[in-house]
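Presented sequentially are two complexes of chain A, the first with chain B as partner and the second with chain C.
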Partner chain A sequence: MAPQALLSPLHQADGSATYSANGYSVIGAVNGPVEVSRRDELPEEAAIEVNVRPAAGVGGPRERHLESLIQSTLRHIILTRAHPRTLIQVTLQVTSLPEEESSVGDGSGFSFSSLPVLPPLLTTATLALLSASIPLSTTLSATLVAITAAGKIKCAPTAAELVRASAKVSSLHVFAFSVGRALLLAESEGDFEFGAWESACEVAEDACCKSVEGMEVDGEVENGQEFLRGVVEGKVGREMRWRTAA
Partner chain B sequence: MTSAQTIVLPGDTIAPNALPTSANPNKPLTLGPGLRHIPPQTITTTIAGALSTDSKKNAAWIEYNSGRYTPSTSDLVIATVTNSVSEAYSCTLTPYTPTVTLPHLAFESATRKTRPQLANHALVYARVVSASRDTAPEITCIDPSTGKSEGLGPLKGGMVFPISMGMARRLLSGRKGGVNVLEGLSERLAFEVAVGRNGMLWVDGGNVRTTLAVGRAVQEVDTEALGDKGQSKVVDRVLRGL
Partner chain C sequence: MPRAAEISVNEREFILQGLKENIRLDGRPFDAFRSLELNFGDEHGVADVQLGKTRVIARVSAEVTAPFVDRKFDGIFNISTEFSPMASPAFEIGRPTEAENILSRILEKAIRRSGALDTESLCIIAGLKCFSLRADLHVLDHDGGLIDASCIAVIAALQHFRRPDVAVEGENATIFSIREREPIPLSILHHPICVTFSYYNAGGIMLVDANLAEEQVREGEVVITMNRHGEVCQIAKYGGVSVDALALLNCTSVALEKVKDITKFIQRRLEEDAKKRDVGGLIAELSAENAR
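So, the complex of A and B:
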């Protein structure tokens, strides 16, 4: 199933986006730059606050962990110095999970990793920031990579694939890249060797970033950066249609 | 205006041939909102939108229509008074942002004795005098060179309609903005409007029916991003309904 995104579905927030891929749906809102509480104020840059809400129940340590990962990633792409002593608030609500993940935790003893939800959260945050016109130094695209015990690398595996092969998946990795192919986030879980990590990183880079010019192949799966561009083009086109409308 | 739009995302580098070329080589290139210069030669974008250029002014900027209003010098805004401190009113331009100051004497022919008494939540049409990221913005209701109000001042009666920032810019840019809905409505209706760059439209039509009709018509043009023909249709429908 192709990922789907919608920009600015919420009209009261400064920017918002919904994104769904691989069974995960996330709605995100960005408010900013707004007044910051004295305690969080930074003298020369904007403070960034990330709130992650799970699909069911209240957030726990897992959500706090995701928040800190997302916060430290966004801090590097937002031009925080453009709005000193303000707050940029990012709120991400997971609205639906793949069937496999929502049914675990019922005593079967298998606990689902927190990594598969990270790429959709990061993508939603990026889209919401674009929608809020917050100055960014680059855009971000993220993907999940699984390495099986047999050494096979699977990019963006679905939850069903992870559960079916749960005994065989030896490690999970999340990578986020900027437009300029700079690695912004690398989170790994499980047993793996450095060589495997490196090849996983290469696979993720190809999935996230535009292929080098001249090497484009028709019918290739749309990569992360192209997906973002398509979404934004749709939005700008809608906003500017009065120019061409009769 | 360029006919084919270049849509950019943050982090894109603007090719030198996409930038305007001025006839006068001494005229520096002006970078507007959404563009930043990384020395020595690179110009990149910081927000998503359509790249616009003006070769006469030798300027380039990114056209966008979303997000929160950030004050910049000489913008016309509709401010809401929140309280009065010793020598100035504190006003808000957008919710949850630090207040801006409006000095008590920044009104036409105001003196210490005769200054407008504004209650909390009163509306003021004002111009931004100074705005930088390191100081609190200041607004004024007089033209500093002439001391006249030039149409600025407290807004009495009427009603405020939220509009998008892009729509506010269209309304204020005159013919270039391509908005004719107000002219169309004014053929049969009498009303007053004030457009604030902070995404506010104040309308006073004398009675509630006219005020709502005008405000809603502009909001419809905004949300549907209507062109000339679409706007004429809205005008016809509104005038028939009254």
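So, the complex of A and C:
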């Protein structure tokens, strides 16, 4: 199923977005720049607080780990120096999980990796930041890459593919890229060689970033950056209707 | 933690002046709810309630655990309400506000202690295995009326939820996944719904379903929980203003009307959802539920 996104569905938060892809749905809200508590205040830049909330239950170490990954990534794309001594609050609420992952908790012993949920979280955070008009140096798009034991690289695998092939998937990688094709985040788990990682990185880069110099491949699925651009274009188009209608 | 933006003196005066002239900010009658929307997720047990601009998602999930030692024949049911900064920047994780405490206490009284859910039916093997049900409430947008919206969300999610089927042979219990056997609905004894009344002008003016601005200027509130048969599950009163006993009786009759409407609405949405899921009319054949 193609990813879907909606900007500004909430009224109370400064900016918000919902994003769903591959069975994951995340709703994100951004408040900021707001007053910061003395404890978190940074004299020369904005503090960024990320809260990840799971679909069921209260957050645990897994969510704290995801929060720290997202926080350190967002810190580099938000122009924090534009708002010193303030706080930018990012809240990400997972609203639905693929059936495979939500049914894993029945004590079957198989623990689902925390990496597949990371790309939807990052994308939602970016969309929510855009919706809140927080100044950014670049936008971000992220994707999941799985490498099977046979060395085959699969970009953005669904949860069903991961579970069914769980014996065969040897490593999982999450890559996030900026518009300028700079690598912003690389998280990996499992066994892999450096060569395999490099090719996975290339596959992810093509999936995330616009092709250079108009090398249009026909029948190509929309890449991450184009998707973001389309969502924002749609929203601006709707908001500017009053101008264009005449 | 940033402080919540408080309502200004002018706004406060404006709202109160309006109420004295029988006008609400959004033009509703004094005893009208905001528009209510209820949507269910793809999974069972997810209810998304929108009451005006307030939006709450309730999610019910089940797992198998050992029951409490002193309650061997009962399953476990918990409601967890944790506010996130999504609803308002003033909410901080790990530091419950007063509103959060009141909400969780009222839901506890209204749904758990009123015996809405038959916890005995969640027992698999006495003393060894039972279902532990939890309802997670996610407040996405806060524009007043959180208690009413949350209660509707939890009740709707409980009715929508299906627990996995089990087969017991002596000491062994087999739990069937959704793919193996059609999951079965929970046994819910009655459907309590909360209605909040806000009091102004030293108890002279009573509003149903106040929004956030109206909540901030109110002097007192009365939360009445009842089911559609008119059985009152709980009455809670907060705030300084005193409320006449006869006025409370009047509240319950107003609440009954609202509760009937809301219950009917939930039922209609559940039926619509069931129809949508029942592709090809196979659900009736697949069901393992016993006839009552």
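Keep in mind that, in the parts below, the second predicted complex is superposed on the first by the 245 of 246 C-alpha atoms of A that agree within 3 Å, B and C clash if a C-alpha of one lies under 4 Å from a C-alpha of the other, contacts with A are read in each partner's own complex, and residues count from 1 in each chain.
As a working rule, a contact is a pair of C-beta atoms (placed from the backbone, for glycine too) under 8 Å apart; a residue touches a chain by one contact, two chains touch by 3 or more.
Remember, predicted model here, so these are calculated numbers, not experimental data.
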| item | value |
| --- | --- |
| Which superposed partner A:96 touches (first chain B, second chain C, both, neither) | second |
| Chain B versus chain C as contact partner of A:82, first or second or both or neither | first |
| A:51 touches, of chain B and chain C: first, second, both or neither? | second |
| Superposed model, chain A: greater residue contact from chain B or chain C | B |
| First, second, both or neither for A:8, with chain B first and chain C second | first |
| Touching partner for A:34 - first (chain B), second (chain C), both, neither | both |
| Partner chain(s) touched by A:157 [first = chain B, second = chain C, both, neither] | neither |
| Those residues of chain A which chain B touches in one complex and chain C touches in the other | 31, 34-35 |
| Of all residues in chain A, those that touch chain B in their complex | 8, 14-15, 31-35, 77, 79, 82-84, 86, 130-139, 178-180, 228-229, 232-233, 235-246 |
| Of all residues in chain A, those that touch chain C in their complex | 10-13, 16, 27, 29, 31, 34-37, 49, 51, 53, 55-59, 87, 89, 91, 93, 95-96, 99, 102-103, 105-107 |
| For the chain B and chain A complex, residues of the former touching the latter | 1, 5, 7, 9-12, 34, 36, 44, 46-50, 63-68, 70, 96-98, 133-134, 166, 170, 178, 225-230 |
| Chain C - residues contacting chain A, complex | 1-3, 41-43, 46, 53, 55, 57, 59, 61, 63-64, 80, 82, 84-89, 93, 134, 136, 138, 140-143, 164, 175, 177-178 |
